[in-house]
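Which chain is which? They are A, B and C, in the order written, and residues in each are numbered from 1.
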């Protein structure tokens, strides 16, 4: 008996070393980075447990990733790190309904030799619904920190890609050493966009709509076939493994919704039309032009995540003697700006409970945009609901997230001052019970975040390694930008020996870099215009060839040399 | 009737009315157009005549009609009242025109890309146009399905523009456009021989598909497995069964002739040739087959296949008994189709009625909507255009345009800025200068440049 | 027997002989002395002559009036019930420089390079272009044929549509074409205001540089050491007022910039072309005293916020502000639609009389050949057409056209195809007597 006990005792030490479930990891940490405790108590704060449910001078306790107590007179555990919450406001961590946060954009698929454009391989056509976003998740992606910093704790991350990039997953915006540790739940959605294949079928909306119908119908048939074969294979032709169709099975069974990136009203309508025809559960993410769609959204039972991106407010001219025409045109333009910013309140009034999607928005603009939305009719509580409880409900995670209640996941935002005040700043964000602390300047000045889009030319000066693919093949080389006597100029070199070309009309404003160059194509001069966004060391652009109505993507990375 | 039953009945009626109002989404109007010169197209031109419209339909055409209670009167004294103009070949009101990546794309449809926000729609109304045939581009041998629309300007919902009940139609293309596409992609077809082969091959594939599915459907077993589904082949089968009208972009006489032979072989009877600049060379054959043509008034020489054209095309075809219409294929030309039709009196000797039929009854026939529009007759839709001069006169200015009896254009109430969507980030004075003739919108987005040349600097 | 055969062969061949008198089926241009009688003559500069006669000889109009002595050796043509007008002038086309639009080998209006004012459109005109007869049988007898391309694409020339060499067609006026730097969007391209301004600045610099050089070159080019600089040679002609300067400019803002530029530079003989938004700055243009060539009238508005008929109204509004306006189609093979462009301009505010002037005398005067073309006056070139009525109406037929005193054959590819195919022989059945099995 003693030996058995001894063996068991020894086993207790051996077994944990096999898996990486590291609750029993070695407790010594020479980096000193791991926290001293996994229990936190924030005291004497205004706790917004749910929209409209305030608790003043309250205390909240988080232990091992969960909220273990919320109240006014709480016993604070001995192991807790206590944070004085005086003048602080605590909110449930924000939930992002649809974004690419945490995912790294993969390289563009290489164009196969002898590409048969009417029927390209699925990966080239962008038809990869069987892919899972986890394959793209990188724990050190900048976007995770950027979104967490502004209060987001859970993101429904969808993969990059074209028409059917794959399935999305709910991830926690926490630190981790392996992507698996970020996953809250997988297969939350089948993601779809109106994004065509480069120069192959389906190339644009026309082909995408038809192809979608085709894929769906064939998935239904394939499912029937597989089920029939599984119940009794005798005399039935063997079904061939078809991963694309299989990816649709949970959708057909209504267990998984399709999330559409519906960035304009026509795209939203197209998605709803497909829903009416085929019957799947539809979620519209990134809805930017929803003001006419309330009835249709309700009649199709569509769920909605509104975009957090707003257009810039138009500036009217300051001239003294504006013509009547200019006055009228400015009025009309302002009218449309108002439509964008008031649509949130309008849809709310029409009875649509929506969440938010950050996929097209810049994290540095989010708070300002929310404040603008409040200015135009949506109440603070309603905005908070869209950020927390509505999103949780729409994503099916109300049981564990969205409010600050005992038993829910330890996702908190602790803000110095009420979040919806312009000058207030977020001091702490807890994700999965882990503390993240941010510098907050005392005084009235709001700190300019590093997210402010760079207009500083230093961001682009130097050499960039570019790559793009055309029917001719993949071309690589460098874009070199220099700033001599205040004149911005650039050159394009090619690694295949093509002579250098000057870049013209170079413009760099608010993170957007654009330029033109001309090339000699068999004696004819062809203009190519490149427009794109600089994000740190990455440049994502689209090149358009004037006379031929043709575009192709260009990617470039800054030379660290 | 007892009060309680009356209440029940009226609430039931209210409910019924509400649901039917929700379903009848298209606006329908009433109006009495008085004392104009009414050009009916099918029943002569009637002077000092009234047209009464009720609930979007032409109720009566006659003299001294009285307006029922609440019906607005329009004084058309000295004015000319004709059926709304129908453009059988248009690319306005669409966000994409070509799915040019494949040479056979019967499965795609313009109904998915209708854009009700295009200001071109209003400008067409200002030219007396009430219906258009929004067509797929001409990059592919077998292109996408087209969509017949009514120009109900002002809505942001594409569904509101749909011409309910219009037959399905599809775009085919022969000649230089698809062969250029084939050459730039390194696939078939690269010659007119290849175009014919592609047509025959696709129809044969469709027959095979139909057989396989018929076999499946008539199989009584509960353990049958369905063949692969293809929206493309489904559409091709529908064409074979005569359920989808084919409109084929074509120019050369030999390819027009070729298509009629192919259609004969496959038993397809209805066919309209679009552009068909050389149709006049095979007018007798067209008349014999029963094919129609929808042509330009005078465009030519912009490509080799239209070099041997004549502006007398429409006149020759009409004189030889071919149902002919004149189309615009242009957001600019659509605004003065009445002037384009009038050119058949310069290039030919068509009568006033023959010329006007080219933009009313004839395109209606080609689109299969002549039971609804194309002439002013009792029972037809109240799609009406009013001019201050005879529409074939150069001095004619369109005054009002009605669709389903609702006035969508009135020159007295024509505000300059008609946009229903404005980008808040746009500049107020957004000037756009187009330098080249918009001839081939048909090829828009078709990616047919040969890039091997483009990047080969050596 | 032999005699019989030869008589027989003559009889058989007789029809051919008859045809041979017509030169084997070709109708040739005829420059006899003509008397065109009994027509309603629209002289454009001297009113309408109800029942008039025109005497044409040696390429010019020798006499015109109601009571004219008809020379005995003149070929008299009775045009009772018809109307006679000066030949129409299209002030902007590529007619002769482009045969088939989509085939680059068939297009000769665009040369490589930014500064190429020395490129002569006239030399590259193809006198035998199929589109030329097609155009002139509709009454358009002269055109301003223009090059296209960069800021200074070349020298345009006025040609009359009859002749077998470009020199035979040349109608006496040349002008350097300049594309003024544009701040407008070009169709598909969506540039930001900053990008547009940058491009505009650069283009303005290019043009200013070129003209600065040209001004210097104009002074030094006569000296022996002067280099051969063909581009500057061409521009020097503008500086010296020897040729016209056609400035293509369209948006309101750009037109105002162009007016400023012209004043700064002090060049004479400047003509604004395009001028799509001229109506917005009509007062300024009128004050500057510059003439305008505008069109096509059948265009869509320049702005999404503009009324649908803005382009139709443009010429009329400018003319009412006191500007001399000429119209153009800016087309190649459909320059024949010039009268309909004028018709729409007339209907939408210009009025018939002014619209007619815009395609006849105004055009001629603007091009500096107002003493030779543009109206029916004694001493002017005999460029006229005869019609069954108002040439703006599509139901009007053009019966005859005279260019440089030649009576032009009223045939073109289009009419020939009409003649052949109206009643095709054979019809559907090639051998009607053969019965198919």
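A few remarks follow.
Convention: contacts are C-beta pairs under 8 Å (C-beta built on N, C-alpha and C of every residue); 3 or more make two chains touch, one makes a residue touch a chain.
From a predicted model like this one, the values you see are computed outputs, not experimental measurements.
The innermost chain, defined by the distance from its C-alpha mean to the mean of all protein C-alpha atoms, is B. Pairs A-C and A-B differ in how many C-beta pairs touch across them, and the larger number is found at A-B.
For this pair, chain B with chain C, the centres built from the Cα atoms lie 35 Å apart. Inter-chain spacing, taken between the CA centroids of chain A and chain C, is 59 Å.
Between chain A and chain B, the centres computed from C-alpha atoms are 42 Å apart. Shared contact sites, meaning residues of chain A that touch two or more other chains, fall at 329, 332, 549.
Each of residues 305 in chain C touches at least two other chains. Chain B has residues 416-417, 419, 429 in contact with two or more other chains. Residues 114, 116-119, 197, 199-207, 209-211, 213-214, 217-218, 221, 224-225, 228, 232, 235-237, 239, 265-266, 269-270, 273, 292, 296, 311-314, 317, 325-326, 328-330, 332-337, 340, 470-472, 475, 497-499, 519-522, 526, 545, 547-550 of chain A are the ones touching chain B in the complex.
Residue ranges on chain A touching chain C, taken from their complex, read 329, 332, 504-505, 507, 509, 514, 523-525, 529, 544, 546, 549.
Residues 119-120, 122-123, 126-127, 176, 280-281, 283-285, 287-288, 298-304, 307-312, 315-316, 319, 331-333, 335-336, 339, 342-343, 345-348, 392-397, 414-419, 427, 429-435, 437, 439 of chain B touch chain C in their complex. The touching residues of chain B, counted against chain A in their complex, run 95-96, 98-105, 107-110, 112-113, 115, 136, 144, 156-158, 185-187, 223, 225-226, 228-232, 416-417, 419, 421-426, 428-429, 444-449, 451-458. Across the interface of their complex, chain B is touched by residues 99-103, 130-131, 182-187, 193, 250-253, 274, 276-277, 298-310, 331-334, 336-337, 340, 343-344, 346-348, 390, 392-397, 413-415, 417-418, 421-422, 424, 427-428 of chain C.
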